[in-house]
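What follows is a pair of complexes built around subunit A, which joins subunit B in one and subunit C in the other.
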Partner chain A sequence: MNKTITAEAQIASNIVSAKISARKVNVFYGDTHAIKDVSIEILDRSVTAFIGPSGCGKSTFLRCLNRMNDTIDICRVEGTIELDGHDIYDASVDPVQLRARVGMVFQKPNPFPKSIYDNIAYGPKIHGLAQSKADLDGIVESALRRAALWEEVKDRLAAPGTGLSGGQQQRLCIARAIATAPEVLLMDEPCSALDPIATAQVEELIDELRKSYSVVIVTHSMQQAARVSQKTAFFHLGLMLEYDDTSKIFTNPDHEKTQAYITGRFG
Partner chain B sequence: MIGYLFLVLLLAAAVGYVMNRATARAAIAGGSARFHSLAGFHGAYALLLTGLPAVLFVLLWLLLQGSVIDSIVIGSLPETEMAGLDAGRLSLIEAEIKSIARGNIFGTPEPWKLEAAERYNSLRSIASVALWVATLAIAAVGLYVARSRISPEFRARHRVEAITTWLMIACSVLAIFVTFGIVASLIYESIRFFDKVPITEFLFGLNWEPQIALREDQVAGAGAFGWVPVFLGTIVITTVALVVAVPIGLLSAIYLNEFASSRIRSISKPILEVLAGVPTVVYGFFAILVVAPAIRSAGAALGIDVAPNTALAAGGVMGIMLIPFISSFTDDALSAVPRALRDGSLALGATRGETVRKILFPAAIPGIVGGVLLAVSRAIGETMIVVMAAGLIATLTVNPLDSVTTVTVQIVTLLIGDSEFDNPKTLAAFALGLMLFIVTLALNLIALRFVRKYRELYD
Partner chain C sequence: MKEHIVSSFDEELQKITARISEMGGLAEEELSMALEAVRLRDGALARKVIESDDRLDMMDARLEHDAIQMLALRQPVASDLREIVAALKVSSTLERIGDLAKNIAKRTQVLNEGQPLRVTGSILRMGKLTQTLFAEVLDAYTSRNTSMAVSVWKRDVEVDEMYNSIFRELTTYMMEDPRVISLCSQLLFVAKNLERIGDHATFISEMTYYVVEGEQLGDDRPKGDPLAAFIED
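== the complex of A and B ==
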């Protein structure tokens, strides 16, 4: 299994270029220094996993990538983060538009208390992606298909999204994020509230999404990181200690802390 | 006297607590057996057993003492004097005896009345001593029982909990009974009113002129008791109030909750709460001294005829009173929407405004509607502002620049002054009160429905 991942990772690293590059990023919550000097190149059309013990800052860093931290009053971000070579913290960038390009899926499924259809159509409507009702129907269907949910819900698109099972809700949220046609998909522990079967479905989906998007996933499950990602970054106490091919991190990490964490000696 | 008795009981209960706890503590420390309950529970058990039955006994005694003594005194009055007296005369004699007993003697009362007053006084002093003795005996028995129960097996912890549970049940039952009592008295008086005025005339009559002749020779209207114009006045004023309160309350709550920085929020929220603390009488001043003249002069400038007591002034000021009410309900409803929904919408590239409009507001609307309905029932029942600022004459109009009267204003004016309680004019107040109660009850029930529905929405 390791061999296939290595092969895949190599193929991936050959054809892809850096989608997001962050340099010397520091994040402060009031007086707390949450992220310290993190620099990272996130590749296009691949899955990058952030791992590390709780409170190490991986979710905080993830939320910097679509400026969701802006919604927190006391949060302050320093350094540069570039998406396709443009600084996303530049004054000319509208964070609202940025979030349409960098989609996000949260830890707990959070469907809106609306119908399944309206959940998906929400983003496209806001951004004016559909010219007609038929257009919108098409976007909804393709988003649901890509999220592998279409077959399960096609007969009840008018039913409330909150009535689905946990795994279906999470796939609905992924479909919702896909529907706005983002370039990057951020996932903050997308499977932590799901059972093993739903987790397997979502992981399969992530692997599928890699063909069109750059996916960044925060996870607490080492196995999950190993299964779905090509690159892995290890965070510890606000520092990014190591960033490399997933196969390398899980077989022969450079840093002893990484070694200790992936073998379960702390975390 | 009774105050001292309660003080002594409190003391006895405290002593029981300390004694039992000390005994139990010593037993737990010294004995080999494991106690089921901690010493504190044995103490609390003694406290409850010493205090509760005795207090209940005192309350029961006080409830019955008066009528028992009265009937003994009345029963012992000489047959010859009592023959052929009606109830009214009898209660007059009773009152006279009591006033003699208190030492207020007017003229020279008959000797049998003096004798009865003396008997009354002696019965009262006996009763007072008996009450003390009996109460203390009950407390002592309670304490004794509690002390004799201290043992490793005794489940004082559960007993204390059971007793407090019953205490709580008793309190809630009492509250419910009081509610029923209020409703029953309203219904009783209303039925008396409908004996004199047909219910159809009251419900469907379009005239409200309650000024009827109290004496044969008095000049007054014939009296008309149609509640429609009065209720219409209430509706007009309530509508004006809501037109003022709902948009302002709603938008200010949305701004404070979703857009304002925490600094602005921390300053403005307490100010809004001050608005909720202003007594309605002060709003009334504001309405007659500031708002009504302003509306009148504005009307004069525009060439519109404006009544001195407009529905607009009273309703507008009532609306200001309701702003904090609506904004706090909206605030609660918006805060109850999980943060995850907010984040989800923002992460899809929605602005804050779009998030509020399309996600938060629809999710919060049942709670907001519940708040608005409660505000409506407050506006309907509000009295002080309208008594001060609205008119007295019931006109059948929906023009807010006219003077209208409300149900509550009419209730107040009907009950002020000294008319008899078997007069339709006075009794009409109860019928109006009953209708008001029914309307606000219905609104509250609908509001509760809404709020309950909204709790089930997300999860």
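== the complex of A and C ==
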């Protein structure tokens, strides 16, 4: 009997372990109302996919989660977004520190024009995560290993990151993002510039990362959302119309628009 | 539902739906001919059933091929996925119904060699009911009518009960007159085949429900007790 209660409590605590909790988020670009009343609980140690047609607001919303929209002057964010229960838009929060906790990977691989080593070492250095050169070497190696790139680059760490292939560059950017030991990883169409093999490698990596991070991925590939995520949110015209288990969304979605979009009947 | 942006996808789906209707029609016809062959003791008609079943088998194989192609090439999801998976399963169910009708036809040929039996009347009544349920479920599947599908699903118990009473009737005859054992056991198989066809019809009900609702119908279908015939006396 006791055992059952403990198991239930454990399940319950897993259910409520929201890493990011957004409530009634509205985003404006000048007069344009880009995100309308979006509320979502993003779970820890799982992959959440944002899908929806171009211009639906999924990337805009993703960028709110680590305050990347701060860099756009005319952009205004309303509502609350909490990371572990703390409002990330609070005046006391340093956006740079926030982005070390909530890392980001972009559509096109954008390595720094520096060596492979320096690409990874840059973040840990500026955030003071390494006490010594040996420390830093350790961080670089472990980030590259976790990004499944170590074996391919360990003999040429001093070579420029821009000299790698597209798929390797993207994994380098993922390694760079995880080098600062973030808790959340945001990915904005991380595979759209990659070939199927590199895509599969990144997807394998996402699955691996899920064990320690909360991953949020924006993707135009429905199959990719279905393959990598546990939860899927469907955005349309700035609204989040449906958010549910990925298996539910792709077999029996509740919303007619979701159904139309994922089966290719939109318009 | 709205059409796909890629219209060839719709055409393929429509083709699959049309094939299922055609196969349903063919299976219905086989069953009706087989029952006529029993009623009229018509060997030629029975042979016709046996021959036409090949076509149903071929159509099932072709539908399976097309459905697998669609799964591989279109990667369907949600209602499209359910539609194709259901078509695959319904197609093989129809193929099996055809096999059972063919089996009834085969047994007719043996039955025709002996004297006419009185019990044939109850079997034909059971056949009528099975035909009705089968026709209704095909309608329900084609028109995506879940309430009609559920009604068939519930009424299959009547077929089960008729089967049990025929079983009792035949056992009694066989005990009274061992000379009819050979013929009666053929009839028993005919009844059993009809009972199986009823079960397959309920499966098509379940598939109809799944296509529309995205959920299983459940497993608490009313069933006739298969052991009732033994427990009696």
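Following the convention adopted for this analysis, the second predicted complex is superposed on the first by the 250 of 267 C-alpha atoms of A that agree within 3 Å, B and C clash if a C-alpha of one lies under 4 Å from a C-alpha of the other, contacts with A are read in each partner's own complex, and residues count from 1 in each chain.
Rule of thumb we're sticking to: a contact is a pair of C-beta atoms (placed from the backbone, for glycine too) under 8 Å apart; a residue touches a chain by one contact, two chains touch by 3 or more.
Keep in mind it's a predicted model, so treat the numbers as computed, not measured.
Aligning the two structures on subunit A places subunit B and subunit C next to each other without any clash.
In the superposition on chain A, A:223 contacts subunit C only, with no contact to subunit B.
With subunit A as vertex, the superposed Cα centres of subunit B and subunit C define an angle of 130 degrees, given in steps of 10.
In the superposed pair of complexes, A:171 makes contact with neither subunit B nor subunit C. In the superposition on chain A, A:210 makes contact with neither subunit B nor subunit C. Look at A:250: by the touch rule set out above, it reaches subunit C but stays clear of subunit B. With both structures placed on the common chain, the touch criterion links A:231 to neither subunit B nor subunit C.
In the superposition on chain A, A:180 makes contact with subunit B only, while subunit C stays out of contact range. Touch criterion met: A:73 reaches subunit B, while subunit C stays clear of it.
Set against each other, subunit B and subunit C differ in how many residues of subunit A they touch, and the higher count belongs to B. Looking at the shared chain after the overlay, A:262 reaches subunit C, while subunit B stays out of its contact range. Here the smallest spacing between CA atoms of subunit B and those of subunit C, following superposition, is 34 Å. Residues of subunit C touching subunit A in their complex: 1-6, 9, 75-82, 213-215. Here subunit A touches subunit C in the complex through residues 222-223, 226, 249-253, 258-260, 262-267, going by the rule given at the top. If you check the complex, the residues on subunit B that touch subunit A are 261-262, 338, 340-351, 354, 358-359, 362-363, 457-459. The touching residues of subunit A, counted against subunit B in their complex, run 66, 68, 71, 73, 96-101, 103-104, 106, 108, 110-114, 122-123, 126-127, 162, 173, 176-177, 180.
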